[in-house]
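Two complexes are shown next, each including chain A; its partner changes from chain B in the first to chain C in the second.
This part shows the complex of A and B:
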């Protein structure tokens, strides 16, 4: 129907999330500082100690591995932290305000998923820049593809966040669920250990294989250090890309379904 | 065409039935008042019209579109000022209203103009750069109303717009409501304030415990209160004869008898004044003065809600 109107509404919803993220810039700044400390001090110390000798034939610099892992965990955490924001919005009645606006519900949910994803993506860009400065910027294609992948990944995570928070409609449940998701899901991935290492523990291994985080982080690694990671990664880059796309599309669709069909104001506990 | 048609509308929140089988029609172009004591289901009804809540059963049609099945269409027509001001923590009042103006359809240039104009009109301009916690209750309320003024929807909903607002602002807001109606909007106002209802509403519905108690113009509702009008007659002559003459008439409820004055409670006092005068005259009583007082809307409200509080 009114395509221009829909696009404009999408843009404004993204802007809403960017404004909100901007208000939390101190929180973000703290994260960036913590990140810098992590990658410079711990990272170097760790990589001096850990080598994957014996696991794979050729030696791999754990620092490469680790840096992408830390960046991914940051992007994931900041995307997930949207959950607390959305919960707060519910308590303040902002969700009800948005539900009353003269826009389509599908646009509302897509806009918020995009907005939250883009905001998380933009605010982790400084961290990504630090990572690439330490590791080298790769080819323009690798850089471009990695940025797109990061955006898709964070939009997918925010889609997940919206679907869950708007379904459980409870501040306590949100705190608990996302505390768990942030802590456990990251560990059940290849963020800090490569798939080949995990292969020794079956449930762990399969969880990591199915985990979109593994696909994202291994995609980044493969994009920049293909020769090192082609054997280590969960699967080949094209499949990882498709998996990410499917993940994001699936969760944004779920969020749309919930907002269109299920969501109503009130009832927040 | 009805602006809003509410059909067998039920809304439950778990065990609580907030609205129980409501049927109501709101005409296009009127200012409609929704009255009722706290917790009677006014906000629940308004929020469902605005598609924020979903009906448990029954349906509501806004300009003939169902809120259950055509929410996206319904929302194009509706603007609502919530009872509790919303969405204020994210940004300053000016930025919020600007965002609101754009999402309801203005270009960014138009938005700047209409926001400034509206904020100035409601004396909000000086507060434009404040943070939410710095704003008084009334100012927050005005911001909420400003959203609807900016939007100029075909169906404008105000949920207790003048609660927390000072007298001067109240009058200004009533002007705003009338103006919106004159410019083509249908307006629904929920209120606990009888004076407000009487001042601006053409028709009124009174809800009580989720049910519709009565519906009509202010005049009609007053006439429904039995013995509601107060007729006060000052006379010269025998008081007992005056009393007998009066009690021969139909529909006289309670009365009070003085030496040269009789006060009677009855319906439609205005219309029956002449009848009373001629009855007294033919009984040889000289009528010096007759005064008819309508019941206040407070009386109406008590009759339809408060009067029953003791029963339930």
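This part shows the complex of A and C:
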């Protein structure tokens, strides 16, 4: 198949994921309510009881810190929710149908990762607009860079989701793995607390340093409020950007490998 | 039908619900991990940035709060099954059983309550290790509180889930209940903090919700706080009975198709 054919197939796969997301209106409504409660109740209450000490003390408003965190956890959770969709497709035989299409396996996995990532990204845009309205919109360059970073991050998370679900081939294992991933990875990141606070517990600190969520959320913070957050971020903004790019490329490549080598032959449990 | 047969039918339904609880071991495992992560990761780290004037020890504060969360999560597990029964018309089978509807309803609620109590055991142990050891009188109060909360939450979950046959709506209603009950409670933050951010009346209302009342009783019983609202147990009992009666009537209406 030529390049044009590949691109057309890629476009169709992305459209498939976008249409699927649009059909999940109730899920979307639920997430919007969750986001509203997080921003208007949970975040406000947490910020009232936080008192930064030491290096973190200088003019950091916890509510501002938390707003980027809540957007990141929303983008992560929506991207992860693709796992349950893929598991359902497996049970309904749609995965086998996709494998039977005249589309290269590499295009199939790239298209699904891109489609899922773009769908999650588009879905969370209104929430991002609310966060930026509360924080201030910043420079156009920061806004553009943050949107690109968000897209790369969500594509990477969907790549991770595809790699895991298509490897374990089990509804129960998917349920348990993503329950745990959602519970642990978000808490072991800099969503709720800065890296310097995590540093008081070494295993948590190193887990947060390796966690792509920490890199994404701290990149957002430094893009918009560089002076305030430069010493609190897990690392330099450029390195965080590179980390995200590597994360997305690595996991989409892993998904391609799994679809090409391990997927055929059924075996769904 | 004799009362003895009714009781037997009710207990049999509760027993079968309890046996089915172990089928959800994967779901249970991820729930336990999530509840534990709130204490051993979130609370432990957050303890370093919390204002000690409001919360001297956030780990202990959250450990006792998670007790209320755990009862809620496991009691709501019965709602997933009852919701599936409504969607798949299994409810018609339940209605043909040689027992009254009241026995079916009571059996389901007892089943949900027992699930809540069993699930909570691990978190009771966590509190014994982290917060403190209650006196015999306080232990009885903890057991009573858990029983009331689990019964109320099971009944509420069953009534909410059976109000619609749509799977997405069922999940949405359950999630909404969780958000409203927990974010508007003193599980994550004390009343003083809520009073700082929200109107005084709202902060007062929040402290009188069943989850907040249960969390307050747990905090006092395990020795985290010295003060307890003297009417907390009465209020919780009133909540539990109101929810049990209302939810039972709703469930009865929902399964009867009227």
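Here is the rule we use: the second predicted complex is superposed on the first by the 263 of 269 C-alpha atoms of A that agree within 3 Å, B and C clash if a C-alpha of one lies under 4 Å from a C-alpha of the other, contacts with A are read in each partner's own complex, and residues count from 1 in each chain.
Simple rule for what comes next: a contact is a pair of C-beta atoms (placed from the backbone, for glycine too) under 8 Å apart; a residue touches a chain by one contact, two chains touch by 3 or more.
Note that the coordinates shown come from a computational prediction; the quantities given were computed from them, not determined experimentally.
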For the three-chain model obtained by superposing on chain A, do chain B and chain C clash or fit? fit
First, second, both or neither for A:129, with chain B first and chain C second: neither
Using the superposition on chain A described above, determine whether A:102 touches chain B (first), chain C (second), both, or neither. first
Who does A:264 touch here: chain B (first), chain C (second), both, or neither? first
Is A:239 touching anything from chain B or chain C once the two structures are fitted on A? First, second, both or neither. neither
Please work out whether A:231 is in contact with chain B alone, chain C alone, both, or neither, and reply first, second, both or neither. neither
Looking at the overlay, does A:92 come into contact with chain B only (first), chain C only (second), both, or neither? first
Vertex chain A; arms to chain B and chain C (CA centroids, nearest 10 degrees): 90
Check the residue A:19 against both partner chains and state whether it touches chain B (first), chain C (second), both, or neither. first
Is A:8 touching anything from chain B or chain C once the two structures are fitted on A? First, second, both or neither. first
In this superposed model, does chain C or chain B come into contact with more residues of chain A? C
CA minimum distance (chain B, chain C), superposed complexes, angstrom: 14
Shared chain A footprint, chain B vs chain C, residue numbers none
The residues of chain B that touch chain A in their complex are 13, 47, 50-54, 71-72, 75-80, 82, 84, 86-91, 95, 99, 102-105, 151, 153
Quick check: in the complex, which residue numbers of chain C touch chain A? 26-27, 29-31, 33-34, 37-38, 41-42, 44-46, 48-52, 54-55, 166, 168-169, 171-172, 175-176, 179, 183-184, 188-190, 193-194, 196-198
Listed in rising order, the residues of chain A that touch chain C in the complex are 24, 26-27, 29-30, 33-34, 37-38, 41-42, 44-46, 48-53, 56, 62, 172-173, 175-176, 178-180, 182-184, 187-188, 192-193, 197-198, 200-201, 204
Which of the residues in chain A end up touching chain B in this complex? 5, 8-9, 12-13, 15-16, 19-20, 23, 92-94, 96-105, 264-267
